[in-house]
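In the two complexes below, chain A is the common chain; its partner is chain B in one and chain C in the other.
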Partner chain A sequence: MSQERDNSQKRQKTMIADHFAKLSRAKEEGKKVVYTFVPGNLTELLSAFDVLPVLPEINALQSGMRGRSGRYIAEAEKAGHSEDVCTYVKCDLGMLKGGNVGPTGETLPPPDLLLLSYTGCFTFMKWFELLREEYNCPVVMLQVPYQAEGEITPEMRGYVVDQLRNEVIPALERLTGTTYDEDKLREKMKLSSRAEDDLVAVWESARHRPSPVDGYFGGVYYTGPMFSSFRGSQDAVDYYRELREEVEARISRGEGPTTPDGPMTQEKFRLVVEGPPNWTNFFDFWRMFSREGAVVVASTYTRVGGLYDRGFRHTPENPLESLADYCLGCYTNLNLPRRLDLLEHYVKTYSADGFLINSVKSCNSFSVGQLLLLRELEKRTGVPGGFIESDLVDPRYFGKANIENRVQSYLQMLDARMQRRAS
Partner chain B sequence: MKCVVGIDLGSTTTKAVILDEAGRQVSRGITNSRSNYGVACAAALAEARTAARFSFLDRATSDPDARAALPGLLSGFRLGLYLGELGALRDTILSELDRNLARRAQRASLGPAVGSIIEEAERDAPALFAVGAPRKSEFFRDLAGAAFVASAETLARNGGPPFEPLVALYDRAILEVETRLRPRDERALLRSALARLDVGAETAARLSRAIDAALDEPLDEVAFAGTGYGRQTLPFPKAAVRSEILCHGRGAHRTFPGTRTVLDVGGQDTKGIQVDEHGVVTSFQMNDRCAAGCGRYLGYIADELGLGLHELGPLALQATRVVQVNSTCTVFAGAELRERLALGQRREDILAGLHRGIMLRAMSILARSGGVTNEFTFTGGVCRNPMAVKLLRELIAEGYGAEITVNIDPDSIFMGALGAAMYALDDLRADSPQLLPSFTQVADAQPPPTESAFMERPACHT
Partner chain C sequence: MTSFDTLMQQARACVDDRRLERVRAWKQENPGALAIGHMPIYTPRPLLEALGCLPVAVFGGGDQVDVIRGDAYFQSYICHIPRSTIELALGGELEPLDGMVFPAICDVIRNLGGMWKLLFPEKWSAYLDLPQNFDRRLGGAFYAGELRRFARELEARGARPLDEVRLRAAIADENARRATIDELDVLRRDEPHRLRASEAYLAVRAGSAMTAAEHTAFLREVLVAARERQTRKLDNVRVVVVGSFCEQPPLDLIITLERAGCDIVADDMQLGMRMIEGAIDAPSAGRDSVDALADAYLDRGAATASRYIGELVKGRALIDRVRAVRAEGVVFAAASFCDPALLDQPMLEAALQREGIAFTTLKYAENTGQFQTIREQAGAFSDSVKLWGGAA
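Our next item is the complex of A and B:
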């Protein structure tokens, strides 16, 4: 990030460090630890039971950013995992084999429970099967129906709520020896909702010209607390309030977003991005855009942990139904027409000049159908699409020169079209 | 004359195109790319400037006898250049023998052998550069290399020094020879060529005046744009760099204005490009992370078979059946080829299968870029390969209909440089021209390559 961090960034760093410190002391303090995933995560429910979540995807991406994922992946391949396996999985398994030292250098505790709260990704199931072998601990699985028809029906919601009541909650009760306290959950949901309001304000600030935020590269920082372990906490509320104030101050000063080289001084291109970023060369990747004056005004990856800007909120009134809607509504659980609608909405709402797909080798949930999305979106919006390929955390799949060539070609193509239109 | 310059620094060849202020093409030049990018650009530009002078010379020569002598004059010019390079090659090898302690001991045997090899090449040169004489390549490293290898083999067979150390000397020296810029004295070369011509005094005098007129005409390069592979290392100022994709699309559209889809198969990448009615790119796809199925793949195949790149296509056309080849991995190319030869399959049939593999890959990229819309233009070095062209025509007709017009310009290797020159012209017209960089300085700033650096094969990331 920039040499001078925003206060919210400093706050987030402290929050994350504290969380990993807590995890490292979990066993001695008698805390229970649950491994779970980002999409459809049940953070409020977990914190209502006072258990600590570990998110292997986040650990993998952190390892990627810290230059350790290549080593971990090699370790997993040595243990027999194919080159074609999702690299988040291999990174996690390699980290485990190497002593399970987390991104902050502290050892992560083994799980007391594996909670799979989103089954839309088949790899997640296989991942936890592997972890179950390693840790010999119970698994609880929340079957989440795919939104094949593009909507959440009452039956789907009821099906998930039943599982929450009859499988997930009893499993947590057995684990912690405490009884489910719905009022406690309601309190967490209230706090989540407040933080979510502020996050939406941050996303929507990108309507301004220049946009005060980058909704993809910068966006992954903004979603950090929301995606991981902090939803439903006062810390998250404070973080998002501070972030929102910083963004509003940038709007009042007419400033662009923060970039790895400092504030962006000239916004030349406004883009919408589909697909996760590459983590091993994250800052190189970011600079390919920021140094050309390209700002991402909206991205789908930053909505994988919740479509708050489309109206969803964790609500205290019917907390289990609300959690069910959250699990059912995560971005990768949408069918292609709904994903297309969302992208179209972003392109139009944020006045994007173009949209770009980063198709990652590791993630079929994201990558399937992306070329179709590209062509259809071009037809619907008249805005030109671009396509690049990389991976999440396998450094072997990031060809810098090749990707840079494509990004620059794409931006020059946008420039040529904009000039043609202007003339 | 005020003019603009476009340079396309490719992984195999570097091209330069010069346009006049009205956008008419004045000339173009090509050279083999080399590890010193500055030198590659300077050499391509020198070729384009020379070609521009030749076009001025053509314009300045009206007398029928003098015009009839022009081809001989130009061949003589090329001969002079070649002989100069041969001299540099000899000096470099002999100086290496003197400088290198390990090789100094071999000086007594290798030195005279090198001298005789170069002398033989010099003797053969006039025939090689005779008007209308066929040449397998226009690049010095290819012509001199072929001559050197042939003579070294003969010497070794007849009891002279062994073949390997002799050719190793060439391999090392050619790197240095082609990455050192030598001034090109066009006037002296043309005068010398004129002196060798068998023409009457009056014609010689007319040609002499035409040479002066052509060389004295100002060639004022007022704007520049560059493109090419390896953007970060291009020896161009950032503002002057244009994407290869934009340049190829624009160049193809200028050459064939009906173009809506372009396929460019170059040394290291294959691009499917869609353009609008103005030649502006609307969509593109290119190979990712891996150069499988690109021109370089054919280069390795040619090396494996001991053939020139230009011989592959005609040989593949003689196939009686197409061997199924699914792998177009450049690194595996040699092993795949040897394995199939060992299985008793015919070289022609294997080559036909390899070509088909490449073109299927190109078709996939085209499909991902948005398919093929009439008219379709094929560009890049591989469009010189007749088998690739034949297969592509078949696949386009099969996939998109026989009514698709397929445009192939024999000189389409220059499309990228042409597109770059057009962007330079745009900049000039918008009063924001980028100036031509001094490639001499760039070249001097870059150290000569080491043998290992040059010999390093590109490896797949995957």
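Our next item is the complex of A and C:
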């Protein structure tokens, strides 16, 4: 981003750099490294055991943003991986074959444990089976039942807790040689909850006009510490407190969100977005909206790591049950009717003028059913929807001119509609 | 004795019964009883039978349906089976079904279940969250609980209450069917000229909308007729086909492989009928037959792409299968955009390479209509195995 960074952004950058530096020193310092996934991640539990997490999706999206993913994907396809399957997986495998150099240029350590948090995405399972072939390390699977009926039942919660007690925690005890300390976990959960309160305040600030935040393009930065390695840490508490203060200051000054070209000066369109962003052309994609005065007031992608704005908090009282509810409640673990309800809630609560679906080829968990969501959401809200297609990290599937054309046509249609309604 | 050709015609009629006339007839004969569809791969059919329901395996529209409305619900990069299934449902062809089960196989089938709830809210539908943890106290207990929930929900919709005696009887019927399918598979393995893979496929798939007892009787007739028929032994290559467990290849594709010189001596097509490897045991002391169904899945569930391998060695099950059926090569035949099969394939290929087992790969859609390229590819493969080996 070209403009002056906020203090919170600088803080986040330092946090991430420190984390990758720790990872690069992990082996010499005797730290254990656990690879795991963002949705349903058990960051508090991992940090209670003082192990360092690596999140392959984050590495893949970072590779996409740094222009390396195309090469990595090509490497994986040359090695026999199908062009039809998830490009996060292929990007990660290509990166591994290329020396496993992480986003900061430092080599990532191999895993001591693969923690397969199987939440809301079938591909996760295959991904870690593939990684298991590459690394000689144990795997522990945490199956998180799908919320097919739109609710968390006691049986589902019990199943996750039982696996945590009987499989995940013993695996971490074996790995680290330390005993599970529930009080330590409770302390982490308390810190998580404080950071989550501030994140929710940031999301809800988008109810203001103009919205002081972009809840999708900007939102992916806001979720960075929360979704990755920092939940349950004082660093995360400090980051979210600072971010919230910056956002509140913007509200008091009547300012719009930060964009790649500086603060947005005029809010013309308020949108809700469903689906992950494209990472290979992230800033081009963002500018297609920001330059037209379109701000995303809420998005579902920023809820893959937890639905805090719908009330969930990590709580210290029953920490394993709380972790189970967290895993069960991630966005991609909701059934389509619940996803539709949530989108409807966002459109109405955030007074959106329209909603847009970015359908990514790589992610069937998100994408299957989106065309039905489009119709149903239009019916329920009376708000028009737009639909574009791209991919997560495969540059071959980002047709800039085509996508820009679609976005502009959609925004022109919204503009005409808004003018008609105003007159 | 009914002739083999007649039996195959009957089987073909069952497979082509898109409007589910058999199901309609069954419902007329069993007023008030429920017919429950289930998508691939696996649903424990004995549970449904014990509840007085007719289980109906739904494999989409195959190559018999022009998909028009269904395409409007799915992006181009989604596999074909959900679009043809939606097409059938919107066209009223699945109307005799009182409910649908969507087993945990991949995100497509999972989300299709959610679409069903939005499109057909008046129909019962359920997601079957199959266990990926194979400890009886953990994954087993959860799965058995899921099955009991199904039973309660169906009972509320008019099914018979779950009853231990009836479930034991239904399991016995299923075990008999499973044993008969095993006999079919042995005949295919030992005398593939007597029962071609395409014929065995039809015979097994004919049971999609039959009770286990009815299907067993039919399969027994097929076995008798196949053993009696006069056929010529062919000089073919023995192959295992892998990756076709969900969206089914068109029958003509299977025949194309055969014509290209392949005896398909084992495969994972319509895997649900063979998912439990062997009989479902009687429940042990203190446990009931629902537990027995769960245990069977945990302990004897076939290794397939949608099932976590746990501590097992990836590819070991395939190699064991190749050896057991004395196959000379493997044909990976996966539906386009099938995440489970295509993500699995590189690991299986690596395992085969380590063992020096020859393989080739192809992709299809259920409505693929052009087979020339596949025939050439399969022909070249079978020739190369014949000429240069690669034997297991």
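Criterion: the second predicted complex is superposed on the first by the 421 of 423 C-alpha atoms of A that agree within 3 Å, B and C clash if a C-alpha of one lies under 4 Å from a C-alpha of the other, contacts with A are read in each partner's own complex, and residues count from 1 in each chain.
By definition in this document, a contact is a pair of C-beta atoms (placed from the backbone, for glycine too) under 8 Å apart; a residue touches a chain by one contact, two chains touch by 3 or more.
Nothing here was measured: the structure is a model prediction, and the numbers come from that model.
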Contacts of A:E404 with chain B and chain C, given as first, second, both or neither: first
Contact breadth on chain A, by residue count: chain C or chain B: C
First, second, both or neither for A:L371, with chain B first and chain C second: both
Partner chain(s) touched by A:H81 [first = chain B, second = chain C, both, neither]: second
Contacts of A:E389 with chain B and chain C, given as first, second, both or neither: both
Which of chain B and chain C A:C121 touches, first, second, both or neither: second
First, second, both or neither for A:V89, with chain B first and chain C second: second
Chain B versus chain C as contact partner of A:Q412, first or second or both or neither: first
Residues of chain A that lie at the interface with chain B and also at the interface with chain C: 371, 389
Chain A residues within the chain B interface of the complex: 371, 375, 378, 384-385, 387-389, 396-397, 399, 401-402, 404-406, 408-410, 412-413, 416-417, 420
Contacting residues of chain A [partner chain C, same complex]: 79-82, 84-86, 89, 116, 118, 121-123, 125-127, 129-130, 132-133, 141, 143, 145-146, 148-149, 155-156, 159, 162-163, 166-167, 335-337, 339-340, 359, 361, 364-365, 367-372, 376, 389
List of chain B residues in touch with chain A within their complex: 229-232, 242-246, 269, 278, 280-286, 288-289, 368, 370, 461-462
Residue numbers on chain C that touch chain A, as the complex places them: 72-75, 77-78, 82, 102, 104-108, 110-115, 117-119, 126-127, 129, 131-133, 135, 137-139, 141-142, 145, 149, 305-306, 308-310, 314, 336-340, 342-347, 349-350, 363
